[in-house]
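What follows are several structures.
Okay, so chain A shows up in both of these, paired with chain B first and chain C after.
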Partner chain A sequence: MASHLDSNVIPPSRQRETPRAGLTWIGQSMKRVEDPRILSGKGGYIDDVKVPGMAHAAMVSSPHAHARIVSIDTSKAEELPGVIGVYTGEDVATVVDPCPSFASPPVTQHAMAIDKVRHVGEVVAAVVAEDRYIAEDAAALIEVEWDVLPAMVDIEASLEAMGDGVLHPDDRESNKALDESFEFGPVSEDFDAADRIIKRRLRWNRSSAQAIETCGVISQWDAFKGGYTIHANTNFYNFIPFVIGGSLRVSPGEMRIIPVLTGGSFGSKVFIHKIIIMTSALSRLSGVPVKYIEDRLEHFTNSDSHGSDRLYDAELAINDDGTFKSLRFTVLDDYGAYLQFGVGTHGNAMAQVTGPYQIGSFGMRVIAVLTNKTQQGPYRGFGSEVTNWVMERMADAAAEELGRDPLELREQNMIQPDQFPYMIPTGNIYDSGNFQKVLGEAKSLFDLDAWRKKAADMRAEGRCVGIGVATCMERSVYGPTEWWSLNNKETPGFTLTSTPEGISARIDPSGKLFVTLHSPMVGNSPETVVTQILAERLTVAPEDVVINYSDSQSGFNGVGPQGSRFTAMVAGACVSAAIKLEERLKRFGAHMLQRRPEDMELRDGKVAVKGLKDQETSFADIALNSSFFRLSFPDGEEFDSGLETTAVYDHPLSTDPHEDREHLGIFYPIVGHICHIVAVEVDPGTGKVEMLDYAAVHDNGTIVNPRTLAGQVWGGTANGIGTTLSEQFNYDESGQFVNPNFAEFAMPTANEMPRNFKLGHVETPSPYTEYGIKGGGEGGRLGAPSALTSAVEDALQNYGVKISALPITPPVLRGLIREAEQAA
Partner chain B sequence: MYETSYHRADSVADAASKIGDEGKYLAGGMTLLPTMKQRLAAPDTLVDLTHIGDLKGVSVNGKEVRIGAMTTHAEVNGDAALQSACPSLAKLAGGIGDPAVRHRGTIGGSIANHDPAADYPAAMLALNATIHTDSREISADDFFSGMFETALNEGEIVTAISFTAPDKGAYEKFRNPASRYAMAGVFVADHGGDVRVGVSGAYSNGASRNSEMETALSGNLSADALDGVAVDAGDMLSDIHGSSDYRAHLVKVMAKRAVAAM
Partner chain C sequence: MAKVEMTINGRSVSGVVEDRMLLVDFLREERNLTGTHIGCDTSQCGSCVVHVDGKAVKSCTMLAAQAAGSEITTIEGLASDGELHPMQAAFRDNHGLQCGFCTPGMIMTAVDIVNREGADVDEQTIREQLEGNICRCTGYHNIVKSIAAGAKEMGSGMKEAAE
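What follows is the complex of A and B.
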């Protein structure tokens, strides 16, 4: 039977290192090589960097959600001793152009607002001064006259706005930035043929990651070379010059972006292009290097990294026997005042929108809405955490309406182990998996049968105890089409790169392996995993691997840690580099031992003759000879001095979207699977949720380092717990951001984490990546909200409470309980 | 933070002589210093009271308890004599903030600041405590006059608090999920059948007693006695963490739990 997926052909695997048992370093819980310098305070973060002659910037931010700038009086600030210059958006626009936008058509955003502000916290003026104290004092002396406009806060109301309520009247007639519909497969037919349609309205509210470190930049304009030297804690330093060169009116090569150790990102520092552009403009205007570090308030209100803010009307078509047939939904997403990445967060979600289930078709209408809030940006999950939650809510709803056990219903619909690679209706594939095994491990780790009995007993005593299970996907190793595949079909935008990752490697005459990375350390473990993979492939000792970072002029392809891609991608670069180095090592070593290269093997940091114990020479000897004693070797380019190489690994498996968007191609194929099971008790008097027990089993393919992966899972789960139970950015009717601080924004601490978090792993290796590695940076947050929501609903079964919106804070839950009490 | 001068006082008289017109007394600094860092307060002088020996320590004589104003929460929590005479107050002190706060913050600083969500004010009301200053004695009922407001005059220094230990007491609070301050903290103390109820965190005018609860509990010290009591939401704070109705409900729930714990 013809299918809309027929044109989406899966390319063959390019895997070189097969997954296998008996590896030496891959799979070891090696201590992180990054830790000693970080833990001793020697890491070197952005605020530690000082450049000679450096001045400091402080910003004047909008107190209004939506207003015209009538006038800005900077005269008092300019007179303050120590002030070097005061600049408004119009000044900044003389040296830079608007920020890059992935939206189609673009939404214009200036790094510093001109004429109009569109959210609280948007910067309208800056002071550059000798120190930050003076800069802040001067900023307080700047007087702005405002003409306040109606604030658009509600997602649905903003869609109806006219006149002064329209945020970007020059670009668009309304606040609807995009409205596109898609059908992947026979959605209407499947719905018509189904026995039942389950419907739910589901709301996911906005919050964001709050890393310990805010975003920061030091930029220095070089009037002679005509470029910028920039220190910044961006995740993306080898790529960002190509994104912002146009805005800065310089060619990418004229920017030298120097990475720093980054104090946490969780997505929030993926680009940080706006403050790079703004700070660079200030340097160019003032003629001195300028440092700008966001304070916490600025990070909350102006860092363009708010998470998804969505309203779903979702429908699941099922048969009475429990078979899931088709899923469709209309989703409104409150993107805030701008649209930097278009609807990339929905593109991302298309990678796994139907979850681990066999669902034949999928339809969606996505409406991106502009409102007077800080714009969205990346946050761990990048939109897929929301669709995971929607899918799992719908699975629970189906179980309830059919009177079925929710776990059994899930198992009935799960993709079977022999169905991989499995293509979902959107065209993405799941490369491999064994969901049944993950579920089995989780049940046993949690002791589900015993807990179910115990929970029933506790409920019989009047306690509100419940258990929730989530079986979710964790897509990893993103492909670039997620950024544009859902764009307006007439103007889809652009094709991006293959999202490559590279390294360079050199064995020096001392025998050390010097490796240069082209992506920064953002709190993940790039040095540790690269050390382990190269130690494995080249048989060197981990202590002989020395890691450094390039800058953007010395570096090359590196897309960085995002989309759970870094470890799997850099592993490919490591393998490529090792293959090249091995060839040279064997060529030189064979000559030194008077053998043929094909007789040689790598053994414990030596080149050795296969099968002969004493016939060997160390990498150090080879490097010494090849570097310094070229004349000992034959003529010919193949014996050119030195043992060094560069290597780039391109995305292992991607195909283009169908021109008519019948499918989106393969773009996020390396999938992990996660099962979270949690037992909670709800205090019906206060609405507070306590986690009694928690088990998480993740399948991230071959594990490079169980310790660092565990850190990712725990951290992501903590994020997910915050998203579910406490975190929400509150805006009042006038568009004021009510809680941009830690006294008001309820981020969980260690106190709120489950006391006995149990972590298990299943390893189903990918057939497409080196060694079968899959990504694992987001899974905790991709699973925890679904499991916790189900558990809370289960705990409140005696009240009949249904959860359709997050977060479920104590007053929210107490309100639901009270409604149920009053109804009873 | 703006520039300020710092003076470490060695006596109450020394402190009073240094405060000037624009100075501030510094106790643990748990509120004042963050406020200064955010430039919301800018005293020209800080007079540090925490090194004045007379202001520190817990003394217990039978049922009579006196706590120096500069005694830290950790010291109140850990005092063996107090744990015996009035365990509920010692326990309350052990639940304030986090360990760092408990080793810096003081009882005098807390009550003089009268943060409506601080724990001690509820206890002072329920314990019928006396607030001693460098010039007079003030009953707790008269001391807490409004949110962040007290009966203290300009420059007046809290030196100690004292009270007669109740027969029984208990404090239960519900923490704000963000700040971890009390959204509703209820201290119930039984003074020979005369029950006093102090509430922190919920009322818009700061720490307050709840006379309806006191009446219901005096003579019938049981959680059930509170069933019929309606807590008026009209006096309650309302914000993103909870409406006034939610807070009123929490006050009752916490009060019942406190009684049950006595």
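What follows is the complex of A and C.
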């Protein structure tokens, strides 16, 4: 039978290193090589960097959500001793152009506002001064006259706004930035033929990563070279020169971006292009190097990294026997005042929107809404954490309406182990998996049967105890078509298809393996995993591997740690580099031992004759000879001095979106699977949720380092717990952001985390990546919200409370309980 | 302006600072001890914790002038001769850090907890007393484990020293 997916042909695997038992270093819980310098206080984060002659910037931010700038008086600030210069958005615009935008058509954004502000915290002027204290004093002396405009705060009301309520009247007539509809497969037919349609309205509210380090930049304009030297804690330093060169009016090669150790990202520091552009403009205008470090308030209100803020009207078509047939929804997403990445967060969600279930078709209408809030950016999950929750809410709703056990209904619809690679209706594939095994492990780790009985007993005593199970997908190794595949197909914008990762490697005459990475350390463990993979492939000792970082003028177009890609992608680059080094090592080593290269093998850091014990020479000897004794080797460029190489690895498995968007191609195919089970008790008097027991089982393919992967799962789960139970950005009717600080934005502390947190792993290797590695950087936050929501609903079953919005803070839960009590 | 003298990591230092200069800025900007971090500006995150006369203090909440005459220990003062302090080593052994930004403050708080509660400090006490230190990477699981292990190691060090 013809299918809309027929044209989406799965390419062959390019895997060179097969998953296998008996590996030496891959799979070891090696201690991190990054740690000693960090632990001793010598990490070198952005604010630790000092450049000679450096001045400091402080910002004047808008107190209004939406207002015209009538005038800015900087005279008093300019007179303050120690002030080097004061600059408004108009000054900044003399040396830089608007920010880049992945939205198509773009929504114009200036690094510093001109004429109008569109959210609280938007910067309108800056002071450059000898130190930050003086800069802040001077900023407080700047007087701005405002003409306040109507603030658009509500997602649905903003769609109806006219006149002064329209945020970008020059770009668009309304606050609807994008409205696109898709049908992947026979959605209407499947809905018509289904026995029942389950409908739910679901709301996911706004929060963000709030890494403990804010974003920061030091930029130095060089008038003679006509370029910038920039230190910044961006995740993406080898890519953004190409993105921001146009804004800075210099060619990408005239920028040198130097990476720093980064104090957490979770997506929030992927680009940080706005403050790089702004700080660079301040350096060019003032003539001195300028440092700008966001304070926490600025990070909350102006850092362009707010998470998803969505309203779903979702429908699941099912048969009475429980079979899931089709899923469709309309989603409104409150993107805030600008649209830097278009609707990439919805593109991302298309990777796994139907979850682990066999669902034949999927339809969507996505509407991006502009409001007077800080714009969205990436946050751990990049939109898929929301669709995971929507899918799981719909599965629970189906179980409720059918009177079925929610877990049994999930198992009935799950993709089976013999169905991989499995193509979902959007065109993405799930490369491999064994969801049943993951679920089985989780059940036994949690002791689900015992807990179900225990919870029932506790409920019989009048306690509000419940259990929630979530079975979710964890896509990894992102492909960049997600950024643009949902744009209008007539105006798709920049149709990027590359996500390379590279390394360079050199064995020096002392035998050390020096490796240069082209992506920064952001809290992942790039140095540790690269050390383990190269030690494995080249048979060297981990202590002989030394890791460094390039800058943007010496590095490749590396994409860095995002989209749960880094370990799998850099493994590919490591294998490529190792193959090239091995060839040279064998050529030189064979000559030294008077053998043929094809007779040689790598053994414990040596080149050895196959099958002969004592016929060997160490890498150090080979490197020494190849570096200093050229006349010992034949003429010819194959014996050029030294042992060094560079290698780039491209996405292992991706295809283009269909030109008419009948499908979106393969773009996020290396999938993990997760099962979270949690038992909670709710205090109905206060709405407080306590986690009594928690089990998480993740399948991330071949594990490079169990301890660092476990760290990612714990951390992601903590983020998911915060998203579910306590974290929300609150805006009042005038668009004031009322809780932008760590006192009122309630992130979990050690005492709010579950005590009995049990972690398990299943390893289903990918058939497409080197050694079968899958990514695992986001999984905790992709599973925890669904499991916790179900558990809380289960705990409140006697009240009949239904949960359709996150977060479920104590006041929210208390309100739902009160409503239920009043209804009863 | 105020002239301040204090002992930082065993070394006597002096400086002339504005009355309003925060201790954390004095350490970072004047003394170049950048291991003490600023995370939140409002005294919640604990990235800036140092020891002032043996007690854990958030150095973003104290003026440099207030610290005059005090003995300050920062994260840079814990390790000696390339040897990590037992608490630092415990964080490494138990993967108690990821991005590492909150880590100096966590470790300074952890050492303070052990100084007050002893080597056998229990998990619940550790969790409660980490109230003023926020980590966004680890979910705290391994931090709590690290502190318990570091406490034991510090305890055996103290015993050895006593013997």
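The definition used in the following text is that the second predicted complex is superposed on the first by the 823 of 824 C-alpha atoms of A that agree within 3 Å, B and C clash if a C-alpha of one lies under 4 Å from a C-alpha of the other, contacts with A are read in each partner's own complex, and residues count from 1 in each chain.
Methods note: contacts are C-beta pairs under 8 Å (C-beta built on N, C-alpha and C of every residue); 3 or more make two chains touch, one makes a residue touch a chain.
If you're wondering where the values come from, they're calculated on a predicted model, not measured in any experiment.
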Touched partner set for A:R14, first chain B, second chain C, both or neither: neither
Chain B versus chain C, judged by how many residues of chain A each one touches: C
Touching partner for A:R603 - first (chain B), second (chain C), both, neither: neither
First (chain B), second (chain C), both or neither touched by A:F742: both
First (chain B), second (chain C), both or neither touched by A:R814: first
Touching partner for A:R203 - first (chain B), second (chain C), both, neither: neither
Contacts of A:K76 with chain B and chain C, given as first, second, both or neither: neither
Set intersection of chain A contacts, chain C complex versus chain B complex: 742-743, 747
Complex interface listing, chain C residues touching chain A: 18, 20-21, 25, 28-29, 32-42, 44-45, 47, 74-76, 78-79, 84, 88, 91-93, 95, 97-104, 107, 123, 126-128, 130-131, 133-144
Of all residues in chain B, those that touch chain A in their complex: 39, 174, 176-179, 240-243, 246, 249-250, 253, 257
Chain C-touching residues of chain A, taken from the complex the two chains share: 31-32, 34-36, 38-45, 47-48, 50, 131, 133, 209-214, 261-266, 295-297, 522-525, 707-708, 710-712, 714-719, 741-743, 747-751, 753, 755, 757, 780
Chain A residues within the chain B interface of the complex: 136, 685-686, 688, 725-726, 730, 738-739, 742-747, 809-811, 814-815, 818
